[in-house]
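Take a look at these structures.
Common to both upcoming complexes is subunit A, partnered first by subunit B, then by subunit C.
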Partner chain A sequence: MIIAEQKPIEEILEMLAPHKKILLAGCGACVTVCQAGGEKEVGVLASQIRVARQEAGNPIEIIETTLTRQCEPEFMDEAKDLMNDVEAVLSIACGIGVQLMAQTFYDKPAYPGLNTSFLGFPEEHGVFTERCAACGNCVLHLTGGICPIARCSKSLLNGPCGGSQDGKCEISKDVDCAWQLIYDRLKALGKLENLAEIIPPKKWITSRDGGPRKIVREDLRI
Partner chain B sequence: MGFADHLASGEFVKIVEIQPPKGVDLTKFLGHAEAIRGRVNAILVPELETSIMRLSSLAASKVLSEKGFEAIHHTPCGHKNRIALQSELLGAAVLGLETVWVTRGDPPNIGDHPEAKEVFDLDENDLLSAIKRLQEGYDLSGNDLKGTPSFTVGASFSAGVTGHVLDLELLEIEKKIRLGVDFFITTPVFDLNQFARVMEKVRPFKVPVFVSVMILKSVGMARYINKHIDGVMVPDDIIQRMMKEPDKQKASIDITASLIKGFERLCEGVCIVPIGWEDRVPQVLDACGY
Partner chain C sequence: MVSKNPKIVAFCCEESGMPAYEHAVSLGLDLPDGLKVVALPCGGKAETGYLMKALDEGADAVMVFACYEGNCKYVRGNIRAEKRVNYLRERLEKIGLSPEKIVFCPVAPASGQRFAELVQREVDTLLGA
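And then the complex of A and B:
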């Protein structure tokens, strides 16, 4: 899922400074699960903003809502009536949700309340780690189900490098060496011969390097 | 007389772009340079233009410099991050390449290694900031340098734009001047009247502008440009002139020369872009009377 975290409150207050009445919109999908932008976070953040603005002598009215999902146009209708009454929307969805809000309600500013961080999962309660770089050319079948693009700090396809020490990456003792993990998993699977292969240079054109991406599925088009 | 002196002299500056080779055989590259020795003020050596892998601008510029040519080293942003770009600029300075031309650069997917990872860590304004800071004695992270480089810095602007896009371009030009740009080299221009209107707005900035003049090889090339190259337009009268002339090469050289002579009254110099016709550049210079 998409992992995000809330922007510093000071940054949010600065964005909202010109406004007296806004919609604060959460999202019921990924950011609810990672507890950055769900219904509960909408309530907490709305209170924080109200208090800060009250203390600054510049009160703000905030309408609270949480859409089923902000990443699909059909759910934008849930915010349609509410948007009529406000000057702007503070979206605490991922960047996709903020952009869909901006696109749908074109004449009103949409501000991001979160920083969209990465694609990953909660490793333990309160700890989220990256697992996928959405590079568009999956190699997990070669690397024991562990992604070297997202998890190796150099995105090496032929690792490990000399920076691998005691299973950790040279960038930080808190970061596992992806290629140590790949080695361990391939060993467990009896597939260590995979490491004898030289993986050729990656085709980054399927990643962001080929420009903004788009998939057209003719079989799904109406 | 270095390039900075040419800028200050007020003479009409002549620059010629020569592509470095794809490989290490410099025979043709140096041959093209020798053919115009003493007739132009500088040779611009593009770096990985259109993301085609070639010999680096740094190496090719250094070779030219050693042979007594004034070289303009090109530093685009597309394929190197801020660490590599700053390092390359320090390298250019110690190699005596003090004239640098900064551009945004091209994405790899238009070149001959379309699967390469693109960089674009800095845009050209960021890179101009980096050059400014290097010249002040520290890097982008604020670390002190041992020895401070000095550059004459060029940037580019799109001369083919009109209306509100031109207004945005003027804002960009102003920003670049604030960041220390000493001269501009434009995108290719074929329309004197349109360029005259652009220069009316750019001239008050009082920064030398060198207009790019592409050698038009054929009617087909003109039509290709009009169809596919945003911001560059070959006017109908040039296409008609090319169509009517039985000797296409002569027409090509005459058209290029007449454009250059026309630009003499509009800006501070030209940059001739031969697009594979480097061996015709002496004829263009002859036709111009240079």
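And then the complex of A and C:
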């Protein structure tokens, strides 16, 4: 899922400075699970903004809502009536949600309340780690189900660099060396021979290097 | 601006904070008029949303009374409550408010005296005494 964290409150207050009435919109999907932009976080952030603005002698009215999902046009209807009444929306969905808000409610500013961080999962309660960089050409079948793009600090495709030590990456003793993990998993699967297969230089065109990506499924189009 | 009778919302764990409050009342100890007590089944139920909302709705301060470390009936509710309080204290500081507006107070069930003292100390802090 998409992992995000709240922007510094100072930054949020600065964005909202010109406004007296806004919608604060959370999202019921990924950012609810990573506890950055769900209903609870909407409540805490709305209260914090109101208290800050009250204290500054410049009160703000905040309507609170949490959409089922902010990343699909169908769910924008949930915010339609509320948007009529406000000057702007502060979205605490991922960047996709903020952009869909901006596109749907074209005449009103949409501000991001979160920094969208990465694709990952909660390793334990309160700890989130990156797992996929959406490279567009998955190699997990060769690497024991461990992503060398997102989890190796250098995105190496054919084994570790010289910095791998005691299972840790040279960037930090708190970061596992992805290639150690790959080796261990392939060994456990009895597939160490995978390592002899050279993965050719990656065509990054399927990743961000090819420009904005788009998938068209004619079978699905109406 | 804090009035002379500050509004304090005390979120009290039913295993420690509530009995301590009731003990203070039974001893006839002075508690400020502006004190509002909210019972929680465990300190761990002191969600960030409740605490922040109390300030948002006009409380001058929020106090969370829960068990001492090692005494939580649900093992870690008190520890989680304290972490949440600390998280919100940081958030208050970032908007230029005193972190003392949200405090975590471990208490034993039969410590009405301590309960009353902690509330009075909070009032004094708010009034800058």
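Throughout what follows, the second predicted complex is superposed on the first by the 222 of 222 C-alpha atoms of A that agree within 3 Å, B and C clash if a C-alpha of one lies under 4 Å from a C-alpha of the other, contacts with A are read in each partner's own complex, and residues count from 1 in each chain.
In the analysis below, contacts are C-beta pairs under 8 Å (C-beta built on N, C-alpha and C of every residue); 3 or more make two chains touch, one makes a residue touch a chain.
Only a predicted model underlies this, so the values are computations on that prediction, with no experimental measurement involved.
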{"item": "Fit or clash - subunit C, subunit B, common subunit A", "value": "fit"}
{"item": "Subunit A residues touched - subunit C or subunit B, whichever exceeds", "value": "C"}
{"item": "Touched partner set for A:50, first subunit B, second subunit C, both or neither", "value": "second"}
{"item": "Which of subunit B and subunit C A:201 touches, first, second, both or neither", "value": "first"}
{"item": "First (subunit B), second (subunit C), both or neither touched by A:40", "value": "second"}
{"item": "Which of subunit B and subunit C A:210 touches, first, second, both or neither", "value": "first"}
{"item": "Angle, in degrees and to the nearest 10, that opens at subunit A between the C-alpha centres of subunit B and subunit C", "value": "130"}
{"item": "Partner chain in contact with A:140 - subunit B first, subunit C second, else both or neither", "value": "neither"}
{"item": "After fitting on chain A: smallest Cα gap, subunit B-subunit C, Å", "value": "28"}
{"item": "Contact footprint of subunit A on subunit B as seen in their complex", "value": "107-109, 114-118"}
{"item": "Subunit B contact footprint on subunit A (complex, rising order)", "value": "201-205, 207-211"}
{"item": "Of all residues in subunit C, those that touch subunit A in their complex", "value": "47-49, 52-53, 55-56, 91, 94-97"}
{"item": "Footprint of subunit C on subunit A - complex, ascending", "value": "8-10, 13, 40, 43-44, 46-48, 50-52, 55"}
